[in-house]
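Given below, in the form of structure tokens, are the structures.
One chain, chain A, appears in both complexes that follow, with chain B as partner in the first and chain C in the second.
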Partner chain A sequence: MTTTTRTNLSPAALEARRGRPDRLSSVKRRDALTGYAFTAPTIIGFLIFVLGPLIAAIYLSLTKYNILTAPKFVGFDNYARMFRDERLATTYGNTVLYVGAAVVLINGFALLFAVLINQKLPKAMTYFFRSAYFFPYLVALVYVSIIWQALFQKDTGILNYYIAGLGGERIDWLNSSEFSKVSVVIVDTWRNLGFAMLIYVAALQEVPKEMVEAARVDGANEWQVFRRIVLPMISQATFFNITITIIGAFQIYESVIVLTRGGPGDASRSVVMYIAEVAFNKFDMGYASAIAVTLFIIIMLVTLAQFRLRKSWVNNE
Partner chain B sequence: MSNLNAAVPPAAVIPVTGKGKPARRRPGIGKSLSIALLILGAVGMIAPFLWMFTTSLRDASHAYDLPPQWLPAEWDWSNYADAVSGPVPILKNMFNSAIIAIAVSIGMIITAPMAGYAFAKLEFPGKNTIFVGLLSSLMVPAQVTIIPLFLLMRTFGLLDNPLSLILPGITGALGVFLLRQFFLGLPQEIIDAARMDGANAWQTYRLIALPLAKNAVSTLGVITFLGSWNAYFAPSIFLNSTETATLPLGLVLMLGPYGAGNIAQVMAATTIAIAPALIVFLVAQRWIIASLTQSAVKG
Partner chain C sequence: MRKTLRTTLATVAASALFLLTACGGPETSTPAADGPYTAPAKDVTATISVSNWGDPGDKAVYDEVAARFKEKYPNVTVNNNFTPITTWTDYVNKLVTQAAAGQAPDVINIATEGVQLGLKNELFASLDGFLKNDPDAKSLQNDIDPKLLDGFRKDGSTYLMPNTFNTMVIYYNTKMFKEAGIQRPSDDWTWDDFLAIAKKLTTGSGANKVYGFALPYYTFGITPWLYSNGTSMMSDDLQASKLTDPKLKETVAWVRDLVTKHGVSPQPKGSDPYQLFPAGKAAMTGAGHFVTGGFKKAGFSDYDILPWPKSTTKATVYGAGAFAISKTSKNPGLSWEFIKMLTDQQTQKKWADAGAAVPSTKTAASAPEFLASPEHAKEFYNSLSYAKPVAAPGAYNVLDPAFMRAMDEIMSGQSVDSSLDKANKDVEEALKQ
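And then the complex of A and B:
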């Protein structure tokens, strides 16, 4: 269309017409080139270190590969094998337990402390509490696990010392099949609740005070105010925190290594530990990739669900 | 009578008790109770670190003596000297960690602001698609890419080499996202004015936009440094000798299986390892909290 109308014009008129768009488009082109140049390092890094490996992992998950001989395509054999793998069931079961505990405990404690901190308190006190709760989050999970495994020792640990002092029985925190999981949950909750709490505090500060006051004047008690007004207003933060804790807990790894080495047996082993073992001790790269892909799918679904739900039933003011 | 009682709407009762005096007095008691709870929680957060520090100053043979000491009775720094001269080369490990963390942070504060600026302020075909693609990499857990990355590093002979951790670390979607958010908030007039004055795109970015992003870039640098300094998963797979190990790996080696290592020395080394987090915390807590919470709450 445009080409036919253009051919009817004299060359001069054509020139005049093209003049402006052309100059603009050369600016545009330079802008575009700059855009590509500025984003190039990030895009290259993304292709080499994220997208490429992701595709490779999906491919490897369809093969049998032991590093020494070339990958052999086996279709969905690795995925079928997962259903027969009892160790996978155990480690995924443990991981789901860690996820459930993280969602409930981290969010429960974080919200409780956030509400308490959000009251009118002296500034120094607010600052002190906020800092104390947040600090463990900055420290590597390995380091806090190293400290906690000493505290958890059955005979020499101070936790049991105080439990015994209160008349309780010494607990085998790290070597019993129930308590090894409890220890992992304690360390995970302890380290991460400060971050979730800060998110809640930030959200609580956005709740309009007039709304809360109005509800109180109307006779609502504290619980009703919290349940009917505050909780819906901070739902976006709640959602964010739940997503973050789910994703984080599915990836639990080094705390279990330091605390219990996955034991006793597989009692506290996480699925990521199992992936690492299958891949780097048994060099069963295809099967390990297949397990890793299931983890990726779970995390992707959780993230996408957060995006979707955030738009629909979350109060998005 | 009973009929009458049943007919009284329960709602009518609530305002009376709500406005009554007990409700007024409650905040006082509630507040002391909540402060007590907060103190209890804070003690729980601080106690493990306090125990770590105190134990690091105790005579190694008495490190596990009970009852526990909460305040250092003696200030014996010999565990620190012993820790760094022990069989695990902790100082070398710390140096390795520092090199990797510094290289990764420098790379990130160069690449992420540039990309963030381009996504916020420049127009180019495919911009939104590329951005969404990058952002979706946040959904890809490290565990799914680790096997291909291991094979890649092996192919290029980079296993047991700090480059295996530096190269994947110098770019990243999270930093791009944070900086894009910042540059989106930058008024377009500032950019246009610079362009009118004849600055090219690079000069506009380097001389006008980037200096304004100083705080955001510093925050990104600090977050990246700590993330690298604290990392365990990828280093544990790419590095396999005590000489190339990073500090977290060194400390786990030092701890030994089932916590059999010398606990006073381990706590001394852990105290050293935590120092950067403590410094960051004291210096930059405010920025980090602001930038971490902002994206979650304002979305």
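And then the complex of A and C:
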């Protein structure tokens, strides 16, 4: 029977059994196609929404383009123009300040809250605090900004009410060139620390208890345990958080626009806001693209540098 | 703040409309300059599209016109594209989408602030043929102050028909004046008179604080101070920025001092003069006619108006709304008929009733209903005689935010010189483009 069956096999099947490459590759090809089909949405999305615009922006940055007439090639004029643009210098300065503040404050507070939440607390309390700190991240900033603006009001705001009550001077949170930046940093920190905190909490729970116990037995105090054991053990989470906050802070937009609209003047304006203004108010797409390209390069360099430095302080797998 | 939105929208609309023309195709049908005008036949079948913006009150007026037009031309479909005031981005996106679909509007509603943008880019069709040969147009035109039409001319041709305008005047609370024993000042009052009155009317503190003057804090509202001190943001031909003019700096410093030195005005950020004034929290404010509708609705009527005080020159600012026919319109005749209806006496009266602006014809502006309140309502139309148009070059979309950024800085205590120098650079860069 078996031999009959075997001889009765179609030539194609026989070829397949003999391992003829074209047959096998057709199976493989189908597998591959299925694979591509599954990844296609992401790849197509990336091509259309990321790579395409990126290439377009690089091209447009070399042109003068006002949307209405065809782009005109101008070489590196737009890039040269950046060096005499005081407003760009101001907005970049503000952005760097926001990045610095975000890295320090968001990560500092997030870690602090994560450690506090990670203490032995009743389960319900843990959930409550975790949700409470994460909540700002879920609420649309546009709505919350109305409340923040009320809190920040010079004459009627609750912040100044307490400051004045303690004998301090009323601060013009939103309309002074110094404090408008501070207000933005406060709201930005308040909004983003919940997310970073969650990452830290997850990492803290992964720290092996035996190791901590062992250190304690060896006579390490709480600070030493935290400094020598916990911090190195969660360094991957720290790395992730710092990278994300830096990228996020370079692109800060919403927190500023809803609070101060960049004002007074340009005092709290971020680079991304300035790009949007040049592109969609002045219709100077070429120049806007050039600024966007520089921002892209800066973020890329900073991120690359971080990955380079990673080895020196991140406790690896 | 209504005017601010209006002007921003106007600017943006004009900017977006270049795109429309760019996509509009080669067909241009300019009306004949000679020969008698014949209106399109009553049974003509066509579609015209209109681009309008405003608030619900404006929309009611436009809808009414569209309905009336339908009676006259039953087979003409009017696509009444009305954009409620939300954000300017929305308005642009809407126009861009329209353009992409090949539906550039035939009739374009735009304000003084956007007219130069449109003219520079040859967006509008000349109305000369209609104005010359259509008898209806002649009577309408003769009823409109020539000044209003002058703003819409280029090289001797007229491109837009105004429907309404606003001039800035001073509003004062008659009751508060009476209680303080202050007489209505003369029509030739000066900045000093103004400041003295404002100081006298600034009283109380904390929750009971009442200010002498609530500052209208937007370009159109600050401009009368500039004009009445003999300066402007732009040169008369709108070709050069004058933001660094010493006279302008002097004026801006004086306006700032109202808030920071004399304390007769509240910090403009976060306070709306058109809330403070009817609430009795400010004895005076500056505004166009556009606030009267809101005052009426709020049941506030203890006010009257005065000309803007002068420093060196008696002057104020005006801005007009107007309609143009798109150069790419396939139905200029019907568009013209529609514009006539948008600007005729019947519609003008509706505008006056809505309290959104001053109607552009003398007839409508001198109707008893229009003059009923406030007492010196005549000044609304009269102020046009000494008013200058808002300085709106093609780059108004850069000038307006740059000037207000400088004002914000100055109000927050930064130097007048450096703030205006920065704004000036921004504007000069844009004028070069």
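Everything that follows uses one rule, which is that the second predicted complex is superposed on the first by the 281 of 317 C-alpha atoms of A that agree within 3 Å, B and C clash if a C-alpha of one lies under 4 Å from a C-alpha of the other, contacts with A are read in each partner's own complex, and residues count from 1 in each chain.
Criterion: contacts are C-beta pairs under 8 Å (C-beta built on N, C-alpha and C of every residue); 3 or more make two chains touch, one makes a residue touch a chain.
It should be emphasised that the depicted structure is a prediction, and the values quoted were computed from it without experimental measurement.
Of the two partner chains, chain C is the only one touched by A:87; chain B is not. By the touch criterion defined above, A:281 lies against chain C but remains apart from chain B after alignment on the C-alpha atoms of chain A.
Once chain A of one complex is fitted onto chain A of the other, the partner contacts of A:264 are limited to chain C, with no touch recorded for chain B. Touch criterion met: A:251 reaches chain B, while chain C stays clear of it.
Legend: residue contacts after superposition of the two complexes on their common chain; A:69 is shown touching chain C, with no touch to chain B.
In the superposed model, A:153 makes contact with both chain B and chain C.
Between chain B and chain C, it is B that contacts the larger number of residues in chain A. After overlaying the two complexes on the shared chain, residue contacts for A:293 are found with chain B alone; chain C is out of touch.
Once the two complexes are laid over each other on the shared chain, residue contacts for A:177 go to chain C alone; chain B is not touched.
Shared contact residues of chain A with chain B and chain C: 67, 149, 153, 174, 280. Against chain A, the residues of chain C that register as touching in their complex are 15, 18-19, 22, 89, 92, 121, 267, 269-270, 397-398, 401, 405-406, 408-409, 411-414, 419, 422, 425-426, 430, 433. Residues of chain A touching chain C in their complex: 66-69, 86-87, 149, 153-154, 172, 174-177, 263-267, 277, 280-284.
By the touch criterion given at the top, residues 28, 30-36, 38-39, 41-46, 48-54, 56-57, 60, 67, 109, 112-113, 116-117, 119, 121, 125, 128-136, 138-144, 146-151, 153, 156, 158, 161, 174, 190, 194-195, 198-199, 201-203, 206, 216, 218-222, 236-237, 240-241, 247, 250-251, 253-254, 257-258, 261, 272, 275-276, 279-280, 285, 288-289, 292-293, 295-296, 299-300, 303-304, 310, 316 of chain A touch chain B in their complex. The touching residues of chain B, when paired with chain A in their complex, are 14-15, 17-19, 23, 26, 30-31, 34-35, 37-38, 41-42, 44-46, 48-49, 51-52, 55, 64, 66-68, 110-112, 114-115, 117-119, 122-125, 127, 130, 133-134, 137-152, 167-168, 170-173, 176, 201-202, 205, 226, 229-233, 236-237, 248, 251-252, 255, 257-259, 263, 266-267, 270, 273-274, 277-278, 280-281, 285, 289, 292-294, 296-297, 299.
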